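Chains here go by letter, A, B and C, matching the order in which they are written, and residues are numbered from 1 within each.
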Amino acid sequence: MKRFLWRRTGGFIFTALLVSFATFFIVQVLPGDPALLMLGTEASPASYARLRRELNLDQPALQRYLQWLGSFISGQWGNSWRYSLPVRELVSQAFPLSFALALLAVALAALASLPAGMYMAVRPHSPSSRVLSVLTQVALGMPQFWVGILLIQLFAVGFHLLPAGGFEGWQSLILPTLTLALPRTAILSRFLRAGMLEGLGQDYVRTAQAKGVAGPVVLFKHVLRNAALGPLTAAGVQFAQLLAGTIVVEQVFGLPGLGQLLLNGVFQRDLPLVQTVVMLVVLVILAFDLVFDLCLGLLDPRIRYE
Amino acid sequence: MNSRRWGIFLVGLLLACTVVGWFYTPYDPNETRVAERFQPPGWKHLLGTDHFGRDVLSRLLWGARISLAVGAAAVCLGAVAGIALGLASGFLGGWWDELLMRLSTTLQALPSILLALLLATIWSPGVPVVLWGIALGNIPVFLRVTRNQVLSIKERPYVEAARALGASDLRIVLHHILPNLGGALMVQFSVSLAGAILAEASLSYLGVGIQPPEPSWGRMLREAQAFGALAPWLVLAPGAFIALAVVGFNLLGDSWILGRERVYKGE
Amino acid sequence: MWRRMGLGIAVLLIIVWSGGAGAQVLNIAIPQDPDSFDPIRTVAAATSEVAFNIYEGLVKATPEGGVAPALATHWEVDASGTKYTFFLREAVFHDGSSVTVRDVVESLNRARDPELAVRAGELSMIKEVKALDNAVQVELYEPNGAFLYLLTEVYASIYPAEAENLSRQPVGTGPYYLADWRPNQHLELRRFEQHWSGELPYFSQVNFLIIPDENSMVLNLKAGRVQLIPRLEVSVLHQVENSPGIKIHTSPMNLVQLFAINNSRPPFDDLRVRRALALGLNREEILLGAAWGQGVLLDSALSPAMAGFYNDQLNEINPYDPQQAKELLREAGQENLRFTLTLPANYPLHVQAGELAAQQWERLGLEVDLEIVEWGTWLERVYTQRNYEVSIIGLAGRLDPHAILVRYTTDSSRNFFNFSNSRYDELIELGLRAQGEERRAIYLEAQEILARELPGIFIMDPLQMAAMREDIQGWRSYPTYVVDLASLYQ
C-alpha cells in the first residue's frame, strides 16, 4: 500500500512539474517576446523597459522558469498586469465561487446518477428505462451554454423564480449547478448502468440467485460495489471536464469566478494572470485525480498492484 | 441496434446538410437585410431570420460546413500524432512507453478548452486556436487507445508466429497491427468528433473561436442570447443542431462498440 | 477564503435587503471596470462617469452644458482675457485635509505636464499657474474661449499634492468617496459627509456593479437588484420597454459614432478610397439594424445636441451611392482592396454597426476582415498607438465645440486618425479667438471640411437611454459622459 501511495504521489508531482513547464513554455517562450505581445508594437521604450524588468525577460528562459516555479510554490503569484493588483487577491476572490460551483455540481451528479443508472440496469427493457437512455444521450449532446440559456429563459425570465446572473447569494448557484451537473449525471449513470449490467451477468450472481439468496441483497451488496468502480474512475476523469465546463457556465450566468477572471485575462493578454490561473486549475484537477486514485486504491486492491 | 440506426441517420443528415450547404443555401448566409429582421419561421424563411435579417437556415447550413471541417481537421491532426506515438509506445515498450505515457497524462490534465484559451492569449482568437486546442487535446486519447490495442495484439499467437518466421518490426506493424486497430479507432474517431463539435461551439460562444461574420453554431447562440424572449427560434435552432450532431456521432461511436462486442462474444 | 466568501455573501445580502432597512443604497450597473482613477492617466470616458462623483475641479459642468462653480467660488478675467483668477472656497478632501492653494497649483501643473499626463496637450494654452493668497491665477498664452470648459474635465480634478496611488485610491472633494473596488465585481462609493456644499445626497451608499453582459443587466434591473442602468444597450431595449415598474429616460447622447480611418496608412491616404467607403455605406440600415432606429444620422463631427454650432447642411456630401463608390475604387485602383476592421468588443452598438458595414462594403467587391478586440487592447492599439486600418468608436460629447473639433487638427494628441488639413488647422486656431457669429461661421466651415475630407465617416448620434426603477427620481442627463449621483433620490 505504501509503495502505491508513493508511486502515485510521485506521479502527481512529476506531472504537475511537466504541466508547469508546458504552461510556462506556451505563455512565455512561444510568443518570442512576451513584452511585445502585451504592450503592442508601438509602446514607449520606457514602458517596454519597465515590463521587461518586471518579467525578468533579460534572463535565460530556464532560469526564469525556475524563478517562476519557486515563487509560484511559495505563493507569490506576482501582479496582474491589467489590474495592477496581486494575482493572489484576484484569485482568492474568484476561487471560492468556482470551487463551490464545481463541488455542488459533482455532488448533484453523483446523487442523481445513482438511481438513474441503477434503474436502467435493473429494468433495461421498460419504457421508462428506454426514455432515460435516450435522455442521457441527448443530455450529453446538448452544449452546456445552451442548457444554461434555456434554463435562464425558463426560470428567470419566464417565471421570475431565480436570479438570471451575477452572484447574489446561494440562489444564484442553483441554475448554474443544474447546468453543470446535467452532462455529468448522464455520463455517470451510463457508466453505472454498463457496470451493473456486466456485473449482473456474472456467474457468481447467477449462482447466488440459483442458491436462493434474495435478489435485492445480491444486487446492492455485490454488484453495486463492483459496478461503482467504473463510474468512480470516470468521475475522476470527468472533473477536468467539469472545471473546463465551469468556465463556460460562469460566462452564461455572469458569475465572477475563476472562469471569468481567466477569460478577461485571455482577452487582455494579461500573461501573468493567465499563467497562474491555468496552473492553479490544472493543479486542482491533478490533486483531485490523485485523491481519487488513492481512494480507489483503498477500495480495490487490484489497482494497487498495477 | 436501434442506436446504430439513429447514429447513422443523424450523422448522415449532418453530412447531407454540409454537402448541400457547400453548393446551395436558400439565401446568402452573410447577407444582411435589416428590414426583414426577427421574422419567425415561415414559408419565406424556414427557420426565421436573425437580428440582421440573415436567414437562419442558410447560416446553419453554412455553419455546419465550418464546424465539421474544423472539428474533423482537428481530430485528424490529433489522431495522426496520437496513433504514431501510440504505436511507438506500445511497440517499443519499456523506457519509451513510460515517458510517452507520462507526457500523455500531462497533456490530458489540460482540458481542450484551457489549452485553447492559453493559445488564444498568445495568438488571437480564431480558427487556429480552435484547431490546435482540440488537436492537442486529442493526442493523448488516441495515444492511449492505440497503445492499448497494440499491447493486446502484440501478444497474439499469430504475431509471435510472424516474428518467429523472421518478419521485421516494421512489417509486423504494417501488416498485423494497423489493420486490427481499425475498429477501436473508428469508435474513438466518432466520439472525438462529437467532442470536437461541442468544443468548437463552446469556444465560439466564449468568443475565442470562429469570428464573425462567419456563422458558427456556437457564435450564433452567443448573439441570440440577447433576443431570447423576442425571438426564441434564434436560440432553439443552433442549439438543436449542435445537440443532434453531437448525439449522432456519439451514437455512431457507441454502436461500433456494440457491434464489436457481439463479434467478440461469438469468438 | 471561506470567511471572505461568507463576508461577501453577507455584504451582498445586506445590499439586497437594505432597501427596507433604512440605509439608502443604490445599485447601478455598468459594463466594465474603470481603467484608472488617476485623473491624469485615465483615457476612458466610462471612467469619468464614476469619477465625476469623486473628484471636482475648480468648476464643474451643468446638465445644460454650462459651467458652474465648484472648488472656486468665483473667478475674474482680466482685460486682456489671458489672466484668470480663481478664488478658492473652503473645502476638505476625503482624507480630511483641507484644500490649499498649493494642491490646486500642483494638480493643474501635473495635468499640463506632457511627461506625466496623457491628455496634457489639451491644456497647452496655459502659460503659467501661480499661487496667490487664497486664490490661483492661471495665465494663458492667448485668450481662449474653450479654457473654462476644459477645467470641467476629469484631468483638471483637484487632489492633494502629496497623494499617491490615485489610480486605485482616489482622493477628491466630491460628494462621494471610493470605499472599495473589486475589479470585475463592483465599486462601492459612500457619501462624503464633509462636502463643502453642506448638502448631503440622498443615497448614503452607491454600488457600481460590473455586469459585462447586457442581458444580465436587464434581468437584474427587472428583479430589482439593480435600480439604474445609466446607458442601456439598445439591443436590449425591447426587454425593458414595457416592463412594469421600470421607466426609461431618453436624451441625445451628444456622442458622435464614426468609422475611424487611419489616414496615414495607404491606400487610405487616398481621398477617393475614403470617399468610396463613405458612399458605399447605407447608414439607414445601420441605424435600424444596430441602433433599432434610436438615433440621429450625422454628417458632422458635432452632434445636433450642440445646437448653436451644428451644421445641418451637410447631408448631400456623402449620400449612399454604391455605384459611385465602385467608380471611385476603380479610379484609385483599389477594386480588390482587402482591409481589417477593428471593433471594440464591449460595445455591442459598435460591433453590430461594424458587422453591417462590413457586409455593405463587401457588396462593393471589397474584402473586410473583422477583428474584435477587448477594450484595453482597443485603447492601446487603435487609440494610443494608431496601429489600425479602419475602426469604429463613439466620441463622447464635450461642452464646447472647440474641444471636440480640435481633435482633428494635425498636432492633436487625440488625432488617432492621423488626419491633416492645413485650412482646417487654420480655422480651429481662428475659432478659439473669435466670438459670436464669426465663431459660429468658422465652425460651420470646419465641419464642412471634415465632411469632405473624411478623417472618418460619421454615422450617428445614438439616443442615450437610462433605464431605472420607477421610484428613482432626480435623473439629470448631461451632454457629457457622467452619472450625477448627488441629484438622485427615491
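Heads up, the rule we're going with is that a residue touches a chain if its C-beta (ideal position, glycine included) is under 8 Å from a C-beta of that chain, and two chains touch if they have at least 3 such contacts.
Predicted model, so just to flag it, every value in this text is computed and none were measured.
J.: Line, ring, star, complete or other: which describes how these chains touch one another?
T.: Shape of the chain contacts: complete, all pairs touching.
J.: What chain pair shows the greatest number of contacts?
T.: A-B
J.: Take the average of all CA coordinates in chain A, do the same for chain C, and state the distance between these two points in whole angstrom.
T.: 42
J.: Chain A to chain B: how many Å between their CA centres?
T.: About 21 Å, centre to centre.
J.: Between chain B and chain C, what's the gap in Å when you average each chain's C-alpha atoms?
T.: Once rounded, the distance between the two centres reads 46 Å.
J.: Find every residue in chain B that makes contact with two or more other chains and list them.
T.: As it turns out, chain B has residues touching two or more other chains at 207, 225, 228-229.
J.: Mark out which residues of chain A touch at least two other chains, giving numbers and ranges.
T.: Answer for chain A, listing residues that touch two or more other chains: 152, 157, 267, 269.
J.: Which chain C residues sit where two or more other chains touch them?
T.: 215, 345
J.: Once bound in the complex, which stretches of chain B touch chain C?
T.: It comes out as residues 30-32, 34-35, 37, 51-53, 124-125, 207, 211-213, 225-230.
J.: If you look only at chain B, which of its residues touch chain A in the complex?
T.: Interface residues on chain B, with respect to chain A: 3, 102-103, 105-114, 117-122, 194, 198, 201-202, 205-208, 218, 221, 224-225, 228-229, 232, 235, 238-239, 242-247, 250-251.
J.: Show me the residue ranges of chain A that touch chain C in the complex, using the header's touch definition.
T.: Spelled out, the residues of chain A in touch with chain C are 39-43, 82-85, 90, 92-97, 100, 152, 156-157, 160, 163-170, 253-254, 256, 260-261, 264, 267-269.
J.: How about chain C: which of its residues touch chain B in the complex?
T.: Against chain B, the touching part of chain C is residues 214-215, 235-236, 238-239, 285, 288-289, 345, 348, 351-352, 355-356, 358-360, 362, 370-372.
J.: If we count contacts the way the header does, which residues on chain A are in touch with chain B in the complex?
T.: 11, 14-15, 18-19, 22-23, 26-27, 30-31, 37, 137-138, 140-146, 149-150, 152-153, 157, 240-241, 243-244, 247-248, 251-252, 262-263, 265-267, 269, 271, 274, 278, 281-282, 285-286, 289
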